[in-house]
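Two complexes are shown next, each including chain A; its partner changes from chain B in the first to chain C in the second.
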Partner chain A sequence: MTVGPVGAVSGVGEVGGVSTAALSDRFGSAILRQAVICGDSIVWVDASRAHEILAWLRDTPGQQFDYLTDVTAVDYRDPERPLEVVYQLRSLPRNAQLRIKIPLDKTKPLVVDSVWDLWKGADWLEREVFDMFGVSFAGHPDLRRILMWETYAEGHPLRKDFPLRGHFTRAEQTRQALASNPEAHYSLEELSIAEAYDELPEDMRRRMAKGERGFVK
Partner chain B sequence: MELDVATPSLDARGRVTRAPLGVAHPGDPDDEFGAEPMLVNLGPQHPATHGVLRLVVELEGERVIRCIPHIGYLHSGFEKLGEYRHYNQIIPLTDRTDYLSPMANNVAFALAAEKLMGIEVTERCKVLRVIACEMSRIISHLVWLGTTGIDLGAFTPFLWSFQERERIYNLQESWTGARLTTSLTRVGGMMADVPAGFEAGLRAFCSSFPKTLDEVDTMFTRNAIWCGRTQDVGAMSREDAINYSLSGPMLRASGVDYDVRKDTPYLDYETYDFDVPVGEHGDIYDRYRVRLEEMYQSNRILEQALDRLARLEGAPLNVADPRVILPPKSRAMSDMEAMIFHFKQVMEGVPAPAGEVYLAVENPKGELGTYLVSDGTAKPVRWRIRPPSFINLACLSKLCEGALLSDVIAINASVDIVMGEIDR
Partner chain C sequence: MGLIETPNAGAESAELAGVSPNFITTKLDFLANWARSNSLWPMPFGTACCAIEFMATAASRFDISRFGMERMSFSPRQADVLICAGRLPFKLAPIIRRVWDQMPQPKWAISMGACASTGGIFDTYTMVQGIDTIIPVDVYVPGCPPRPEGLMYGIMLLQKKIKGETLSDRTLRQEHLVDDRGFFLPPEKIDEISEPFGNSVHQTRSA
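Presenting the complex of A and B:
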């Protein structure tokens, strides 16, 4: 996997009291790259050890990144470039900020470990990344779409291969909206225990039976 | 009576069929008044949910077992749209995110884009932006105060706060020409300077506004009904507030003294004299106290900013960089060079150097972050809004657990949400 350069890199080291050197000492090859861009410290880490690194950053004295500011993702215009999941961390006691980026190869399944067990605030943020980018978060208790509806079938809107007006034609979108049953607007969580299960579209039932969203009839 | 009910959670007799997840005592099906939980749908068209928010509340008697928020009804894909627009063209989109404080959103985006491009704005511009931010904070908190009062049965403070809000809106309208779609800032400056009479109008507002706040204070702070409805309701501990990534008044009410204006100052906020109110219990009452005090403090900042503005009379407003700031129309029509810059800016936009930036500002609702990624073109690769009310609302399920149904309304009001920002 290649991690392309992201423009003006002004140096590596300490910014805002963030000791990025300590990270490379501790985790070695799992730290892919470090940079300071526009004054922000950024560390690229390997997806397989990301959860471990984030937990370490949260709990280690001297790091104390106790506040998860944001979770998001970036899909670059260059299709060769990996998609990046971005964690904005903040240390309230030390008044420092750090950005952790996890590059994900788009030819493989997009999976990272959920940090819901570390920060409950990650719940909706990770759901939004799942909804908008199709990144799965292993260990998330309730990973389902949040802004788009449950049966939305056009894909993940913030991916660069998603056209601005959607994959379907306007006529198809209208047809689907008119043909959808009212149950389509209830969450799987609610439906999985309701009688309407049998009236669900076949693909939805299949997904639920596979336990994709964590609920099995 | 046989009913063909479409709602999946009701059986043919209109009773709830679904058993709550994780609760192991299903009621007696033959007992008409049995202990079965009831599923109540609140919204999305409900005045007390403050927008198109839908809450599915599971009740045992009057007590909430679970509360599941559903959002997305107002999703407009702003972040996607932003990837197809020049930086200045994104500013009108920011109006429509947190539509109760549009000017503060404009400022937040312009600051992030300027940091990405390495532009330092002028003194006068900074002061005007501080004025814009604090005016927004006051109108946003006034809406919160009024509507929360209504939710809890108090009508009079609603009239007071909306009257005061109207005075700020009039000033905002005289400055930007709009009450909601302000689009006040530009990358490198402002859309317009304040009009004649604006400073006098804002001074008049600043001198009389604290009196209204005092009246609200008299009406609410020691009011037995208000205290009874808000104290110890929807409380969040300090540790939980941090763990749930709350920000703004929600975080400060829980006793965390984090304010972006103090901790990572922007717009020279460190040179203004103001205090950050911090609560103790993290309940609705403390959130009310924090927001009320913030309005007094915003008023103080406005007075200081007006003094500075008077000293900066006639100082330049926009950066003197023709690549970023549009020339006056008269010059663009008469001067060749100005016309070229005008053409290039309008047709090609202003390219930002490749890189990325995250910039947080203290919006009325909490920490509004703007994350911009550029690949060197005039349109961002990614424009991410860190929406404060989206993240604050995510803890609603936890706050409502075990509360009474009537408290759900109060708790939801205390979060101070705006759906335009949550759904984007």
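Presenting the complex of A and C:
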């Protein structure tokens, strides 16, 4: 494992089929660190230029990381360590893998640029990271909770400062769950019936026109 | 009915006053309970691995049709017994509540497995700690998951319970709705039921 600017890296000439020289020549100090851990190639990059780097990795001949396997995040128990947003990339034509990590300072707002414009599959993955870790993705078209219901008010469950049983009492959790509207979790787009809007029953049309969501009494 | 004047000795409801448990009513009880207990149509609410055992119970080897559960009732409108097979997250709580409210009386509920009955190993932010905080439960079947024999034993216990019911007790068929405060049980009761127990008292990871 090596730390520091890429120029100082020794022994890691080739990370995931990406020439370290090519990445550092192009992005310089935005490449924070590179390593091969357990055979996985990992590159830590600066949040402000992450989108640019990911776009470059996707579009540059010789890189061609055309498939986004996963977007997730890691919150470490050590409060000093930054929260990391993780992009797992795969190049189908080159049969290569690369993991990009973006460290985020937990004392500041957690914001990174959405890669939805590069890989459409990032849509729900980024919503899950937002839901579980509270990371905002700038430029995401529909950044809502995806696993927890939209009126969920206890925070972001996979953060290490989140108690295992949640913040509220069991009674309060039960009350809020019973008060939620199980039919209000879908938008017109999700149901793919926007075109059939006029043929829907009157009450459904009324509900959807208002974009009605669940509510807490 | 009504031929014999009976003093209203401590009857709990006014409705009970006009009904005496005389010869005819007793026989009606027997007839109704016999019919009800031997034609229970289950509403399967399978959410996890218990549902696999439930399917095995319904399939040919164990065959709950022998107990009068001739078919699964996938509409709550035709169901008699709700079988919650598996853990119930808070996200599903309003859904099982609505299914229960849609079932017509007479109706009963079986809580199948450790998770449905107590939350089981899932003492976390997502999980209802026992479906009896959401709907009234008649029979709890322990196990993780229970074997088909276990579920059938639970069903037979429910049949026994039904055979002990009487038509003159209207409280049996009373709906227990969610109250104005949004609770089915009093909040203190929910907190008490949901207290960690057994091994999970050691799970104290928190802020």
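One rule holds in what follows: the second predicted complex is superposed on the first by the 164 of 217 C-alpha atoms of A that agree within 3 Å, B and C clash if a C-alpha of one lies under 4 Å from a C-alpha of the other, contacts with A are read in each partner's own complex, and residues count from 1 in each chain.
Definition applied: a contact is a pair of C-beta atoms (placed from the backbone, for glycine too) under 8 Å apart; a residue touches a chain by one contact, two chains touch by 3 or more.
Everything numeric here is computed off the predicted structure, so don't read it as measured data.
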* Comparing chain C with chain B, which touches more residues belonging to chain A? -> B
* Asked: Now for A:171: first (chain B), second (chain C), both, or neither, which partner does it touch?
  -> second
* To do: Using the touch definition from the top, say if A:76 reaches chain B (first), chain C (second), both or neither.
  => first
* **Which of chain B and chain C A:149 touches, first, second, both or neither** => both
* To do: Look at A:158 in the shared chain and tell me whether it touches chain B only, chain C only, both, or neither; answer first, second, both or neither.
  => first
* Asked: Just chain B (first), just chain C (second), both, or neither: which does A:52 touch?
  -> neither
* Asked: Do chain B and chain C land on any of the same chain A residues, and which?
  -> 148-149, 157, 162, 164, 182
* Asked: Once bound in the complex, which stretches of chain C touch chain A?
  -> 90-91, 93-95, 97-98, 123-126, 128-129, 133-134, 178, 181-184, 187-188, 190-191, 193-194, 196, 203-207
* Structure fact -> The answer for chain B against chain A in the complex is residues 6, 8-9, 11, 17-19, 21, 56, 68, 70-72, 75, 77, 79-81, 84, 115-116, 240, 242-246, 256, 258, 263-264, 353-358, 360, 367, 369, 371, 373-376, 381-382, 384, 386, 390-391, 393-395, 398, 423-424
* Which of the residues in chain A come into contact with chain B in the complex? -> 6-8, 37-40, 42, 66-70, 72, 74-78, 86, 88, 92, 95, 97, 99, 119-125, 128, 132, 145-149, 157-158, 162, 164, 182-183, 186-187, 189-191, 193-197
* Asked: What residues of chain A sit close enough to touch chain C in their complex?
  -> 148-149, 154, 157, 161-166, 169-182, 217
